[in-house]
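Shared between the two complexes below is chain A, which pairs with chain B and chain C, respectively.
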Partner chain A sequence: MRTTRFHLLHILAGVLIAVLLGIHMVRLHLDAILEFFGVDSEDPTSWTSMIDRASQGIWAALYIALLAVALYHALYGLRGIILELTPSAKAGRVVTWSFIIIGIVVFGWSAYVPLHLLSS
Partner chain B sequence: MTESSTKQIAFKVQRYDPEQGGAPHWQQFTVPSSRGTTVLDGLIYIKENLDSTLAFRTSCRMGICGSCGMLINSYPHLACHTQIEEFHSNTLTVRPLPNLSIIKDLVVDLTPMFHNHKSIKPYILRQDAQEMRTPTSEFAQIPQELNDFLQFAYCIKCGICVSACPTSASDRLFLGPQALAQCYRYCADNRDEGQQERLRVADTNHGAWHCHLAGACSEACPKGVDPALAIQLLKRRLASQALGLRGKRQASSVVSPPTQTKPKIPFPEFTVKGSA
Partner chain C sequence: MKQRQPRQNYLGAGGWVWAGKYKLERYLYLLHRVTGLGLLLFGIIHLIMTTFFRIQGQDVWESTIAVLHNPVFKVGAYMVVVAFVFHALNGLRLILQEFGFTLGRPIPPVYPYKDALRKKRPWAVIIIAVVGILAVVFLYDFISGGW
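And now, the complex of A and B:
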């Protein structure tokens, strides 16, 4: 049931993207609505606000989680499209491993920024 | 058939002979058609009267054997099940089914489809091997259990769903709607115990999850089978299995055939008496 589990994870990642990206969008771009509900009204897109959020573990975790689910969802979907055009199972394995390596490299590279800001 | 009711129809048939080589080309024939004339009748007319080298498959002529699947006016049909009148046109184009390699003219190679069909083990698998080898009784099945898979059992393996499937067009390794629908058909059969083996075949990169759900297979099936539905139900089984939501099903028990059956309805008396 390996393919099924990966596919269900792909669907779950899609849902998580909507949730995590939704939190990001609400916090950064719907500040007028947040103000209505009594949340502080300091400009969330300013440099100081961004640095302030980056120093909080919960926001760093949110962005790293968003990065992980978005990468998995995107690369798994792209892999599915490319696998459709691969002529053999061997070529399919090459495609899969290429995507795993690309995913790990991009994740490590991109996760460095929030981790660095958190530790600084 | 009166002279006035007969129309002349131009049959544009795609020809291809691998022995002569070259690319497939078109050849036009004029075929007389009247009410009730099927595309297969037209092709038989061509073979008998105009060009005996035309190759196509046919057998039952009544939509049961699944031999005469072909692309008629760019849509997959059974030639025996399709009347010329349906198209309201004086020109018909007839081509072999797409997504399958051509053997000659309108004859396609169905080997990949049957290979996929065979891979899902399209027969009842039971733990009690002794009973399977030497049956002593019957496997119990009530009508409601039969209804769970009955429509999928109407598949005649004509290959029309495979030829209509956009995923099969781009992915040569895709199991295809025919095999996946039959995979569900046997998994849903309460007499069967081979679900694990079949789900392993469907749970691959080119299996059930690769279906785009275009629904073209269900739209094209000449027997009214809904392979797209079967694939969705198969995905549900796969997901339930992966998440551990579905417990092991108890296969139907072996029961002795009924010794007493309902009395048959008596044959009605003849209303027309013979003159004595």
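And now, the complex of A and C:
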């Protein structure tokens, strides 16, 4: 039952990523098309454009939410691929716990940066 | 009591590519896995850039972006976008299948009947078509200068 729940969470995270990363991709990549619809034409990767977004709470929240769901989805997916190669039960547990620790560390550091930029 | 070991995966990673005659959906599965791993690799690079480099201020950020404007990285970025679009839409197809939406009504297997794979086939064709269209839209945007 526990495995099913984590798998459902993986699916749910996938749907959330499609929405959040969709917003991120359209904003960062479709600038020529956005310009056509009247959105500002500044290069989204320039420092001023980036800092402008980083100083808005809504973007920081979007990025941190995306970070959390994408990290879970990616690490759970990679764990699934590795466990498909049927390592021993002990090796499987090592993989699982390594990914949990990696996930927490990466989330902590990567969520700190937008919060730091938001407050600076 | 000795713990029962799960059945071994005899083909290993090679079985992802070939384990007999594969149908279209099986190649979509392989592509789903490859794009997933590719997106993970991109995610690692992206996080390094947006944390370690971004926090060091404007000069470091601008020199990083200058490196990323290199044509090699532009092509890479385009491939990431297409991989994401494919992974998302194929994932949607898998979710619909998993919850039983694309399987059709259960019917008695009276010949000539449609097997489950053929009932689901239109969805596979639709997602390939949509991925193709979006790939062209993003290609237009990349070629027209923005990225």
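Heads up, the rule we're going with is that the second predicted complex is superposed on the first by the 103 of 120 C-alpha atoms of A that agree within 3 Å, B and C clash if a C-alpha of one lies under 4 Å from a C-alpha of the other, contacts with A are read in each partner's own complex, and residues count from 1 in each chain.
Everything below uses one rule, namely that a contact is a pair of C-beta atoms (placed from the backbone, for glycine too) under 8 Å apart; a residue touches a chain by one contact, two chains touch by 3 or more.
From a predicted model like this one, the values you see are computed outputs, not experimental measurements.
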Requested in this report: In the overlay, answer first, second, both or neither for which of chain B and chain C A:61 touches.
Outcome: neither
Query raised in the report: Between chain B (first) and chain C (second), which does A:101 come into contact with in this model arrangement: first, second, both, or neither?
Result: neither
Query raised in the report: Counting only touches as set out at the top, which of chain B and chain C does A:85 meet: first, second, both, neither?
Result: both
Query raised in the report: With the two structures laid over each other on chain A, which partner does A:5 touch: chain B (first), chain C (second), both, or neither?
Result: first
Requested in this report: With the two complexes superposed on chain A, say which partner A:109 touches: chain B (first), chain C (second), both, or neither.
Outcome: second
Query - Comparing the two partners chain B and chain C, which touches a greater set of residues in chain A - result: C
Query raised in the report: Given the touch rule stated above, what does A:18 touch, chain B (first), chain C (second), both, or neither?
Result: second
Requested in this report: State which residues of chain A lie in both footprints, the one left by chain B and the one left by chain C.
Outcome: 84-86, 88-89
Query raised in the report: Contact residues on chain B for chain A in the complex?
Result: 167, 170-174, 199, 203-207, 209-210, 238-239, 241-243
Requested in this report: Show which residues of chain C lie in contact with chain A when the two form their complex.
Outcome: 3, 5-9, 12-13, 33, 36-37, 39-40, 43, 47, 50-51, 54-55, 58, 61-62, 65, 68, 77, 81, 84, 88, 91-92, 95, 98, 137-138, 140-142, 144-147
Report summary line: Counting only contacts in the complex, chain A reaches chain C at residues 11, 14-15, 17-18, 21-22, 25, 29-33, 35, 43, 45-47, 50, 70, 74, 77-78, 81, 84-86, 88-89, 106, 109-110, 113, 116-117
Report summary line: Counting only contacts in the complex, chain A reaches chain B at residues 1-5, 7-8, 80, 83-89, 92
